[in-house]
Amino acid sequence: MAEQPAVASDCQCGNSDHQHGYIAAKDAYLKRLRRIEGQARGLQRMVDEDAYCIDILTQVSAMTKALQSVSLELLTDHMNHCVVDAAAKGGDEAQAKIDEAMAAISRFVK
Amino acid sequence: MAEQPAVASDCQCGNSDHQHGYIAAKDAYLKRLRRIEGQARGLQRMVDEDAYCIDILTQVSAMTKALQSVSLELLTDHMNHCVVDAAAKGGDEAQAKIDEAMAAISRFVK
Amino acid sequence: MAEQPAVASDCQCGNSDHQHGYIAAKDAYLKRLRRIEGQARGLQRMVDEDAYCIDILTQVSAMTKALQSVSLELLTDHMNHCVVDAAAKGGDEAQAKIDEAMAAISRFVK
Amino acid sequence: MAEQPAVASDCQCGNSDHQHGYIAAKDAYLKRLRRIEGQARGLQRMVDEDAYCIDILTQVSAMTKALQSVSLELLTDHMNHCVVDAAAKGGDEAQAKIDEAMAAISRFVK
């Protein structure tokens, strides 16, 4: 979890005024996801070469932690942009954004 | 989580008498890991195409669940083979295998 | 996770205009926490009466799920009131509330 | 998670040859569960006194961690005694104990 995107993303709330800086964050996410893809390939190699089960499990744990870290980062960006913007406008849309974010958080926890 | 390997793997405990059937389980694991690799590529495409943040999070959750399912299956195979064999022999090695399995389980939970 | 407080709480953001309805939600939380306290006593009874380990673990899981459910409810109330209010005002306080909520969410997930 | 029972429990596998030492472990578990019961009462007090939501969530997280720690300890004792004993005997009972333990582990993870 060492790396943090230098610039926050807005992960597309549908308003254009947050586009600045998006490119840098996107590159950081893509880099992390490519590394996760590499971990999935590494696991296939381990299985293919009959690696010891516990060693495979250790790598699966590392990959799961990397995914959770991406999730938390994406959620933070989403809260900082889409949810804050909707809340500032208020009304039904604010409530809908909060409900949607809470549903995503529940999926994490369960 | 629909699929279950038709034949249990032994994920290499270092004893050769469990090798029978290993090929079938290995293929099932490789198939699941290839699908997980595909999910990692799908996430990169979503980020690249500026997908909505919550939709990306939903896919990350699905991928995390798929990884957890592989973990539980690997752990089950490991318990059914390596741990059971070591326990049958008893002594220090049995204890070492249990400690090692519990350490892997702790990494899941935390 | 059947029960939901009939009226949302605001769990004290420091603004008085959300006090209406707080009493009803408070009662619902207290009722759930009393039941969780009862589960903790039930576990002591099980240990004391030498219950089977797996049966104790099943009860610990049920108690953990009940706690997670309270957490998610509290977080939802917090988002719906404190975070939404702060976001509507904007500025540093909005950011501080989001950061604080994200730190709480990270503690859940890890 | 500082404290560890000085003597391992066997949490009742139905064989009497592990009874030695059970009393000490039982006392350690009871002490931890009483503390968890105290945390549940502390949470009620916080809700009753309108504590800040995030502070309540922090306490719920601490209580959940304490429960998870008890779970892992109970599972370790169970593996070290009931599962090892059943595995040493082999056959259907060994398989049944492993299946039961894996079902308990799955409940943790999900």
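Residue numbering begins at 1 within each chain, and the chains themselves are lettered A, B, C and D in the order written.
In the analysis below, a contact is a pair of C-beta atoms (placed from the backbone, for glycine too) under 8 Å apart; a residue touches a chain by one contact, two chains touch by 3 or more.
Here is each chain with its UniProt name: A, B, C, D = Copper-sensing transcriptional repressor RicR.
Here the structure is a predicted model, which means the values were calculated and not measured.
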Chains adjacent to chain C and to chain D under the stated definition are none
For A-B, which listed pair, A-C, B-D or C-D, repeats its interface with over half of the contact pairs the same? C-D
Using C-alpha centroids, which chain lies at the maximum separation from chain D? A
Counting in whole Å, what is the centre-to-centre distance of chain A and chain D, each centre being its mean C-alpha position? 32
Separation of the C-alpha centres, chain B versus chain D, in whole Å, is 24
At least two other chains touched by the same residue of chain A: list those residues. 68, 71, 75, 101, 108, 110
Among line, ring, star, complete and other, the chain contact graph is ring
Interface residues, chain D side, partner chain C - complex: 11-13, 22, 26, 29-30, 33-34, 36-37, 40-41, 43-44, 47-48, 50-54, 56-58, 60-61, 63-64, 67-68, 70-71, 74-75, 77-78, 82, 100-101, 104, 107-108
Of all residues in chain D, which touch chain B in the complex? 68, 71-72, 75-76, 79-80, 83-84, 87-88, 90, 94-95, 98, 101-102, 105-106, 108-110
